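What follows is chain A paired twice: with chain B in the first complex and chain C in the second.
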Partner chain A sequence: MELKDKIRKFIENNLVVFEDEAEFEDSDNIFEMGFVNSLFAMKLVNYIESEMGIQVANDDLEISNFNSVDRIAEFINTKGGGAPSQ
Partner chain B sequence: MAESTKEIKCVVWDLDNTLWDGTLVEHDDVKLKPGVVDVIETLDSRGILHSISSKNNYDDAMEKIKQLGLEEYFLYPEIHWNAKSSSLGRIRENINIAMDTILFIDDQPFEREEVESEHPDITTIDAAEYKKLPDLLRLNPRFITRDSKKRRKMYLDDIKRKVEEEDYEGPQEEFLASLNMHFVIHDAKEEDLKRAEELTVRTNQLNATGLTYDYDELDAFRLSEKHKLLVCELTDKYGSYGKIGLALIEISEEYRHLKLMLMSCRVMARGVGTVLLSHIMQETKKAGKKLLADFKHTNRNRQMYVGYKFANFKEKSCDEKGNILFESDLSMIQPFPPYIDIKIF
Partner chain C sequence: MSDTSDQEQIVAEAKKFAAEEIRPFAADFEEQAAIPKDLIDKMAQKGYLSASFPKEWGGLGLDPVYYGLLTEEIGKACASTRGLITVHTSLVGEAIVRWGSREQKEKWLPLMTSGKKIACFALTEPLVGTDARSVQTTYRKEGAKYIINGSKKWITCGCIADYFLVVAGGEKGIGAFLVEREFGGITTTPIKGLLAGRAAHIAEIEFEDVEVPAENIIGKEGSGFTYVVNTALDHGRYSIAWGGIGIAGEALDNMVTYSRQRSQFGRKLYKHQLIQGIIGDAVTKTHAGRALCLRAGEMRRDGHPDAVMETTIAKYFTSKIAMEITIDAVQVHGGNGCYNRYPVERLFREAKILEIIEGTSQVQQEIISSFGLRRYYRV
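What follows is the complex of A and B.
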């Protein structure tokens, strides 16, 4: 699966609204759209660390790195992660 | 035995020759150990939870427990033939507490050692010592609050919620809305202080600094004009979760400074984590001040760090001891979740 598809799937599995109500583009800010709640941030960080093999440092923990599919993919690529997990 | 001095939050009991004399699968007419119910009730009244880790047939053992009228005391019993270390792991996860706050009591050295080898932070004790439990320092919490006495009931409510949540088909927000949650934020009153101290001692995961404050310190903050001490309570259709959140704010000319912020991990799954922070941010913005917040990494509070960062706080400084000072320009404040009714007094 492509990296962006994986990220999208993870987000869709953690939406707090019905999937068919939650249409979002890869560039949409999922936090501003209210599709996710306070728990999501930690789940997302855990997901990136365990599935993508990246250690997210304190300095990387900026919402701007994580607020859309595009930004998350960009962050993972910058950190050299995203190799297909076994 | 581990050398922790942390208060024990849960006692996990073996059954055969620990809770009762005799072995159930050998069709013994098992008899409760003399005085063991008193021990359980005494600890329960102090807000200490109980669970079971026993190698037995589940149905037979639970039937016996019911006959003895004890089933309401035991949360998440683990009764099967698998390793007890895995049972303790699941109990820890279900109750959502740290291993160093669990006491495991079993008559068999083998079982105690097997559990200790997997969970070095746990405390174990020989069943022969059961009468001493109420006297152990770690089983004598400094305060026994209304919340601690109701703790078992609150966990039993949680089990009902979990069952309903697992059976729920549809989006999480709809489930959360169906709980009919009310979140109340108010200035701490004198009767809240014991619970406030208890929260600073008991809360690990959603705790910004890990600092503990005692009753007198909190009382002084409550009365000080330079401080605000806020307490939160969450209720839903099942009942109250009790007082589950606490914030201490220092007020100065230019700033409001969050010295302490914590939220009980029992409400973590309810998506209420940002409510208190958003409220404080809104109030600070209204007052035309800036908001600072203290943070210190402990080994368990990363979620709180992530919470501040995703609420758009920036690290303003960090000293050599790892004390972080966050600042928010309040340009982005997360709205309250739509599925919670929020009242502020």
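What follows is the complex of A and C.
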């Protein structure tokens, strides 16, 4: 599965709105759109670390790193992580 | 992380420690409104104040499953003593382990491990409980320092704490600060007249122009709630989930023992079928709750993406069944159950607290419902 697909699937599994209310592009800010909440942000960091094999540092704790599929993928790539093959 | 046999041995020792050093004195602790300092020191020597911390930081290196089992043993013996572990180790310690810088860990964790410094989690305020994002305690940056002002309430171990993980709002949003008592400007007042947690040194705290060095912020300004508070509360809920099983199990032990020793109408209580019904339900609920806790622990250990939700479910369930089982345990004891010479009287009061702290049951229900409405939808 491609990295962005994997990220999108994780987001879809953690929405705070119903699936049919949550159409979003890879560039859309999912926090501003109200599709996820702050608990999601914490879970996302745990997910990235356990699934992508990277360490999220204090300095990385900017919501802008995690507010869209594109930004999350960019963050993971910058950190040298990636989706394990399935 | 320790290997399995080492971890089993640590939990077995904790059970023995609780039986010898805590359970016989739990009622006295309440009477004296204090967990004795020498008990805290002994727990520190045993490593129970840092059982979940990595060995690198002086902890016992228990994985979440065994840390939960240890929490259960302490909580079974005394809820207030378990409260110390919940705030010191789970809420504050785990937040530092997760989000502290290397320098912060090197400075604070060894002192917390040794018990030389006790930590508490200062989130709740006189006017802010469940709606934790609305904290009114403030911070402002002045040069290389933050200035903190505000009040906190219902803070477990607040009276004896040396470190306060303070959640405050400011220009960039919510921040989490490790405030040391010696900074000055901090007043802690014991709260009397409590339903339960009477030995847990619960305090109201005033912060008046407390000057905190910039290096004492955990995480970043504005990320305090999203990352630090959520992490702390997640660990806190996991601890409370096991605390619930501890109370439920202790009430079950007492209920069963009493029913086998007490006679009415010429036969032991347990021979009455309605009492058997109560015991059967209590056994089933306790086993179900422990299974949920173990599952949550395994998911946390394995980094499962649903571990946070499973922890929430476990916390909600065990706090609920702890209340139900302690109500039944008092009922089985009859008049004696309303008397503080019998542990079920205390357990009954302690159980209620678990339905309120680390997120009320009603908030947990909303979160679990939101999860279920998506996870189990079929078209």
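Assorted remarks:
We adopt the following convention: the second predicted complex is superposed on the first by the 83 of 86 C-alpha atoms of A that agree within 3 Å, B and C clash if a C-alpha of one lies under 4 Å from a C-alpha of the other, contacts with A are read in each partner's own complex, and residues count from 1 in each chain.
In this text, a residue touches a chain if its C-beta (ideal position, glycine included) is under 8 Å from a C-beta of that chain, and two chains touch if they have at least 3 such contacts.
Model, not experiment: these values are computed from the prediction.
Looking at the shared chain after the overlay, A:Gly34 reaches chain B, while chain C stays out of its contact range. Using the contact criterion defined above for the overlaid structures, shared-chain residue A:Asn13 touches chain C, although it does not reach chain B.
Judged by the number of chain A residues each one touches, C leads among chain B and chain C. In the superposition on chain A, contact is made by A:Tyr47 with chain C only, not with chain B. Residues common to the contacts of chain A with chain B and with chain C across the two structures: 15-16, 18-19, 38-39, 41-42, 45, 58, 61-63. Those residues of chain A that touch chain C in the complex are listed here as 10, 13-16, 18-19, 38-39, 41-43, 45-47, 49-51, 58-59, 61-63. Contact residues on chain B toward chain A in their complex (touch as defined above): 170-174, 176, 268-269, 271-274, 302-303, 305-307, 309-310, 312, 315, 334-335, 337-338.
Interface of chain C with chain A (complex): residues 99, 101, 219-220, 223, 225-227, 230-231, 234, 303, 305, 307-308, 367, 370, 373-375, 377. Interface residues of chain A facing chain B in the complex, by the touch rule stated above, are 15-19, 31, 34, 37-39, 41-42, 45, 58, 61-63, 66.
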